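Listed after this line are the structures, all set down as structure tokens.
Here come two complexes built around chain A, the first alongside chain B, the second alongside chain C.
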Partner chain A sequence: MRHHEEENEEETMKVKVRFFAQFGELLGTDIIVEPASGTVLSGLIKEIAQRNKDGYNAIFDEKDTFREFVILMRNGKRVDTIDAVTTNVVDDDEIAVFPPVAGG
Partner chain B sequence: MLSERERERYKRQILLFGEEGQEKLKSAKIFIAGAGGLGCPISLYLAVAGIGTLTVVDRDVVEQTNLNRQILHYDRDIGKKKTVSAGEKLREINPDIRVNVIDTTIDETNVLMLVGNADGIVDAMDNFPTRYLLNEAAINKKIPLFHGAIRGLYGQATTIIPGKTGCLRCIFPNAPPKEVFPVVGVTPGFIGMVQATEVLKYLLGSGELLANRLFLWDGMRSHGEEIAVTRNPSCMACGTMRKRTRKKP
Partner chain C sequence: MITIQHDDVDIGKLITDAKQRGMGAIVVFDGIVRDDDIREMELEAYQEVALKELEQIAADATKKYNLFSVDIIHRIGRLKVSENILIIIVGAGHRKEAYEGSRYIIETIKAGVPIWKKELRKDGDRWVPGEHPQGTGKFN
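The block that comes next holds the complex of A and B.
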């Protein structure tokens, strides 16, 4: 994640990813990563989620796409999970990933 | 007008709201969808706060597995309709309010009729399909929907004001999957109190509502936070696109 093929002098980015509720239990609640520039939101979350199989499966389906109820926020603004594949993360981004709960 | 007895009963909160505020609560009608984990504490506290008319709808019968959280239902109520059990307790705890109970399943054919002329709808349901119906009823009647939901030690709450805030569909366009959710009574107790507080503030016209703010509670870490939510202009329930007439070819 830090540097890919080339050891170029790219500036390192720091991005905070926060997982809520069940996602947080499986993947950790606050994760700081240093993604390479050009990393897209969906790729970043996939990479982190791969640390835990149950965590990954909670967020992504068999086709590796976001489960439809998953809510993504970037710096306090909603990002449609469909747009996450084309949304680049930038330095200082704070990403929140959470599952709505449904019980009552 | 408040009776002498009511003035005594509500003395300590009249210190907060004044008699005028208490009158507002007395003249209010609140619809509570569900007499379960959320519905029990919410209706209990709205009853003792003196909301003049409470309507509680539920279709279920009290089961033993409900008793860890549905605090209006006692061990002796197992097998009884939840509406009957809840109605008894609410009338007993505050005989100065009107409590209507309706034993039915909320569906698209009856939701508007059930909500009637209520001033607000409290979402105390355990499933999203019915929540979406309540959302549409709130939009239709231009009254607030006080949303809450829980799972385990996690919960969420927000207050939806049709025309002003995002609606439930704007915030949650897709329902999470159905499941037998784990739960301990303190979580719906906590989230229910957030919702009930919202109801009181709305009726009193005071404070700051959870409008366009989704409150998230993590009981495991005792950590609360909120995230900003907004209206989705193409929302299938409240979007401005929805009512636009179809273009002619």
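The block that comes next holds the complex of A and C.
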């Protein structure tokens, strides 16, 4: 029964991942995913980015780590890419992934 | 007025509306699309976050430079050469604060607010690289 409940929790978790600028062109702009409980930020982004080779290579280097210019946000707050490997995503999170800004 | 929008604004009206008793200077910054051999420019924003950050920048500038008023209008969408991209109107008691406040606002926007520009060029499109490689503006 407990196992069943856990499964239900996993099924209901929804996270929105938003890619901007060139990342959005390569990977899509607003992606809704249902990650398993315990999924970390970096793993989630990697999984989505693998849908498009150019998109993946734009964000990750040959060692599968974030390129140094990549900026991450979780619910509107910046997250250091180093911390993305230990940051769990939770239900209703909005994750943003983007290159250096160029407004103004 | 702090806003991110497609439409242009009437700068003259904004100046008129900004004026208030005790104000001695208004500085207007108008960033426009430069003709770098482009057809048009397309601007994209992470709108909800960018707007909050613009509001925070305006609040910080007001406090830091003792400003009377701050208006920031950042446009998005497709813009032609010479169209307005970013309008910053700063009112203060004296020119020094007005100039410094305006400069602080534009530089802080460029450092970190999540907005991007793509040049639509005759020889292909190009995303404009940011001046601050790691988005050094910290607001959170």
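Here is the rule we go by: the second predicted complex is superposed on the first by the 89 of 104 C-alpha atoms of A that agree within 3 Å, B and C clash if a C-alpha of one lies under 4 Å from a C-alpha of the other, contacts with A are read in each partner's own complex, and residues count from 1 in each chain.
Here is the rule we use: a residue touches a chain if its C-beta (ideal position, glycine included) is under 8 Å from a C-beta of that chain, and two chains touch if they have at least 3 such contacts.
Not measured: the values here are computed from a predicted model.
Once the two complexes are laid over each other on the shared chain, residue contacts for A:Ile71 go to chain B and to chain C alike. Touch criterion met: A:Gln22 reaches chain B and chain C at once.
In the superposed model, A:Phe98 lies in contact with both chain B and chain C. Contacts of A:Met13 after superposition: neither chain B nor chain C is touched.
Residues 20-22, 24, 68-69, 71, 73, 76-78, 96, 98-104 of chain A lie in contact with chain B in one complex and with chain C in the other.
Here chain C touches chain A in the complex through residues 31, 43-46, 48-50, 52, 74, 85-86, 106, 109-118, 127-135, 137-140, going by the rule given at the top. On the chain A side of its complex with chain B, the touching residues are 20-22, 24-25, 29, 68-69, 71, 73, 76-78, 96, 98-104. Touching chain C in their complex are the following residues of chain A: 18, 20-22, 24, 68-69, 71, 73, 76-78, 96, 98-104.
Contacts from chain B toward chain A in the complex involve residues 34, 36-39, 123-128, 148-152, 154-156, 172, 174-179, 181, 183, 188, 216, 218, 220-221, 227-230.
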